[in-house]
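Two complexes follow with chain A in common, the first pairing it with chain B and the second with chain C.
Moving on, here comes the complex of A and B:
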């Protein structure tokens, strides 16, 4: 193979790997967007809750030797419960218009959840189970990790499930109604607090899947990744358009792919700088993100 | 309440007060040698602090069980320690150092876990003793974990008891040269946002590899001559696509760079979390170098907890392994106290014993009125040390630099455990 072809393969493989890994960013971004779409508030605990859920799943793996699918399921359920608890403690009793108080409360909860994990595990990296970890599909010069294909499949199924709930169920209708006009929704008999709480649980379930898929893709779980994952989730949801689920998916893949590209061409020290520059460019020239805000409040 | 009961209660109160009043001077008369220790007890690097505290607790118990510390007037005093959380944060480490120096009766300090925090904290200590123009802290520190080369010489009050990576990697590559004569090329990567990983990789490991005839793939790196630090910037430049950050989760690009290199020997200079991430990705991409070398900090239980299968075969030099009776005792004590003894934390045991030795040798009085003089005696005593007994053998002191030369061994990950494969002691 000529040098040009080798380089071409290398670049496309690099971008492809990034796109696959970007699916985990997309899931985190969707969670941020879901809650922002419903309440117009940022839930900064989202990634921390997602990883805390993954730790609960890991406990099942460690103590009762639960198989990987059960670990993923437990992670999702635990994260859903944590999501509900976060709603009650950080959002439920704070006046709807006091955005700063809710933001600060959720930042506090982010570090609180993270410290609980740190104190429980002493911060040690722990092996996280993965499915198809050793499988590598090779197509000519290209290779695709089996576990990342599995993560992609899970992410697609989760997103379809979420979209189904949002657009084909009464709960989804209520969530969309509350996100568009909470007072009108209340006048129509929708319990706003209950709907918001369910949205947090739903987002939490998705977060648990994202957390366990991220841990599964790395193969190791550590509290070190909480803050970077929170930052990635925020970047993805802003680039995608806060409140937009398709935007979060597209932005997750975009960030994943570009991140790898920047790493390949410019090295690790400049990689994050370019990703943040991208965020800056979006905020200046396209503040509504790729897809704008799909759900808008009066 | 009747008058009799009231009188009895009043009398009991008077008696209790009198007892307390008489008891106080007795308590004050029991002098103690106080140590202040600090390290990461919160944040993602908490395991370092947990391990150091567990080892230190065991050391102080062992000292007190054997009678305590002999003071200048022959009194036997107990040793006590307080452990503070500096979270591997430079600001917190500095605040604790200031507080300990000004508000406690601690004679010496042990800490503060991370090299970055230590480097910043050492900066607030008086550079040269007796320099009246320098109002820096005058309090002796004997650091146990922060391993980045050459830190202690920042101040004459700061000392370290950490392995010397320059010596260790020199010996490791010399040994690897004789064990693997057919190995010619090397390639590697590091966590560039961690000063210890980065500097050790670019300034020490690659240089020592070069010194013993291992060439970076593609004909070497400009400026790298085998001398420490030479060509360091170029090392980081040529490895820019194979480096990563401490909290990275995706290593596909770096692992492919390793694979593309086709090097005989691969080097992973990072802490356990990313060492595991990188090793797992290398396994997925079926990268099997003839020799794999890791950073000293990864020769810990954390790496084996995170990725024992992927780490199989990696060589790392370390200043601690439970291969002597004393080291095995420390490993057991650490475990009993909820921690683990490793190359970082085991030094806390030695440090407590070194401080005991110095206190006894310099006639420390451990009285409130002699605190300043006692701290100075401890400092002078630490500086005067030439050799001390360590867990793995004799520890040499580099007196004008505050550093140590510790015995070391080479370990290899084998079936989920660290096995000593070479013991040059």
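Moving on, here comes the complex of A and C:
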């Protein structure tokens, strides 16, 4: 094979791996978008809660030696619970039109959760279990890691599951009603606070899956990734268009693929700078994101 | 004694950081990028005094102007979007600046040592004060000169037409626009002024600490910056000062016995404050009550 072809294979392989990872960003972006869609508010705690859930799963792995699928399940449930707690402490009792107060409260909760994680783990990275990490699929010159394929499958299934809940159940109908017109939804007998709380728990479940999948794809769980994951989740939801779920999926894949492309060409230290620049490119040329509508912007 | 002087310098510098967020918050915008402007001021002024051997005063002003310039540049795309999107944009900007200094390496031989920013190892030997024999008292006085100047300027501005315009934009953008105020111009000006003030704070920080690295300028620092005016309320500049004294003096120093756990208290404090008083702990009403209780004018109420 010529040098050019070898390099081409290497680049496409890197970007392809990035797309696998991008599905995790998509999940985090969907979580931000779900809550933004429901309340027109940003929940800054979201990625921290996702990782905290993964830590609870990890505790089950360390202390009772739970198998990997149970660890993933516990992570999701714990993150869902944390999501509910965040709703009660940071959103439930703050005036509905005071967006910045809720935002600040959730930033406070972000550092609260982060500090607890840092203190209980001494801030050092811990090994996280993975499934099928000894399997490798070969397709011509390309290879696919088994654990990444599993991550991809789980992420796709949970996205489909979420879409099913949102569009095929009464609960999803209530959630969408509240997000479109909360006053009208209330007049129809929908309990807005209860629906919002369920949205937070639902988003939390999704976050717990994303958190444990990120950890198992990387192999370690570290408190150092809280802020970068928060920033990337925010970028994904803004690029996709705040409040748009298809947008978050597309933007998650875009960011994941480009990130690995930047990694290949510019190295690990500069990678994140270009992802951040991408956000500014969108803010200047397309502030509504890929799929967003201009009304949702404020 | 030097411990208390160091604390006084820290409180002064954090007051500048808080005031930089205060200016922008008057227009109703929240920026989580103030740590980025602070970092630009710190690194620019540090590079000027260390590598180019410029005296402190021009270096400090240059650092502030450079930070203001970047605030101006960021202001345009960021303020096309507002509210929550601005928060995302400014967080991204702050992280971008942090990563830029994480990668910046500019080493110059000076005598028998090499000085300048050294990417991950940080920027050491910003020793202008030590090299020129400044005493801790003189450094503290120098820091507080700038704090008082900035506070006086903002206090005066609040009583002029400019302050009224800023607050009007913060209260109701549509109404303000309809009486002929250019919203973008007002917001970008506030952003630039905030960048300038944060730049002064950063320049002072770099020279009092003699060492900075990218881990100094995280989202946590940006959160501190906005939490001062939020806790102190927007009724006057003294609210921010009171909040800084409370958080840095009472909370961070007073809870030293808790060790590293005290950072958790900061998170809890913000959650509680936002639930109990979403418009700030020392909002206009509290200020009125305090004023009446003390029975003095507007200036003295900060002592209450």
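Operating definition for what follows: the second predicted complex is superposed on the first by the 291 of 298 C-alpha atoms of A that agree within 3 Å, B and C clash if a C-alpha of one lies under 4 Å from a C-alpha of the other, contacts with A are read in each partner's own complex, and residues count from 1 in each chain.
As a convention for this text, a contact is a pair of C-beta atoms (placed from the backbone, for glycine too) under 8 Å apart; a residue touches a chain by one contact, two chains touch by 3 or more.
Keep in mind the model is a prediction, meaning the values are calculated, not measured.
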>> After the overlay on chain A, what do you see for chain B versus chain C, clash or fit?
In response: clash
> Which partner does A:227 reach: the first (chain B), the second (chain C), both, or neither?
Replying inline: both
>> In the overlaid three-chain picture, which partner chain does A:142 touch, first (chain B) or second (chain C), both, or neither?
In response: neither
>> With both complexes overlaid on chain A, does A:238 touch chain B (first), chain C (second), both or neither?
In response: second
> Now for A:8: first (chain B), second (chain C), both, or neither, which partner does it touch?
Replying inline: neither
>> With both complexes superposed on chain A, which partner does A:125 reach: first (chain B), second (chain C), both or neither?
In response: first
>> For A:218 in the superposed arrangement: first (chain B), second (chain C), both or neither?
In response: first
>> Once chain A of both complexes is superposed, is A:269 in touch with chain B (first), chain C (second), both, or neither?
In response: both
> In the superposed arrangement, does A:104 touch chain B (first), chain C (second), both or neither?
Replying inline: second
>> Output check: A:133 vs chain B and chain C. Expected answer is one of first, second, both, neither. What do you get?
In response: first
>> Can you give me the overlap between the chain B contact set and the chain C contact set on chain A?
In response: 115, 119, 227-228, 269, 272
>> Could you list, by residue number, the parts of chain B that touch chain A in their complex?
In response: 40, 42-47, 50, 192, 240-241, 243-250, 252-254, 256, 260, 272-273, 276-277, 280, 283-286, 301-303, 305-308, 310
>> List the residues on chain C that touch chain A in their complex, please.
In response: 30, 32, 77-78, 80-85, 87-89, 91-93, 95-96, 99-100, 102-103, 119, 218-220, 223, 226-227, 230, 260-261, 263-264, 266-271, 274-275, 278-279
> For chain A, which residues count as touching chain C in their complex?
Replying inline: 36, 41-42, 89-90, 93-95, 98-105, 107-113, 115-116, 119, 227-228, 231, 234-235, 238, 242, 269-270, 272-273, 276-277, 279-280, 283-284, 287, 297-298
>> So in the complex, the part of chain A that touches chain B is made up of which residues?
In response: 10, 13-14, 17-18, 21, 115, 118-119, 122-127, 133-134, 136, 143, 145, 147, 214, 217-220, 222-225, 227-229, 256, 259-260, 263-264, 266-269, 272
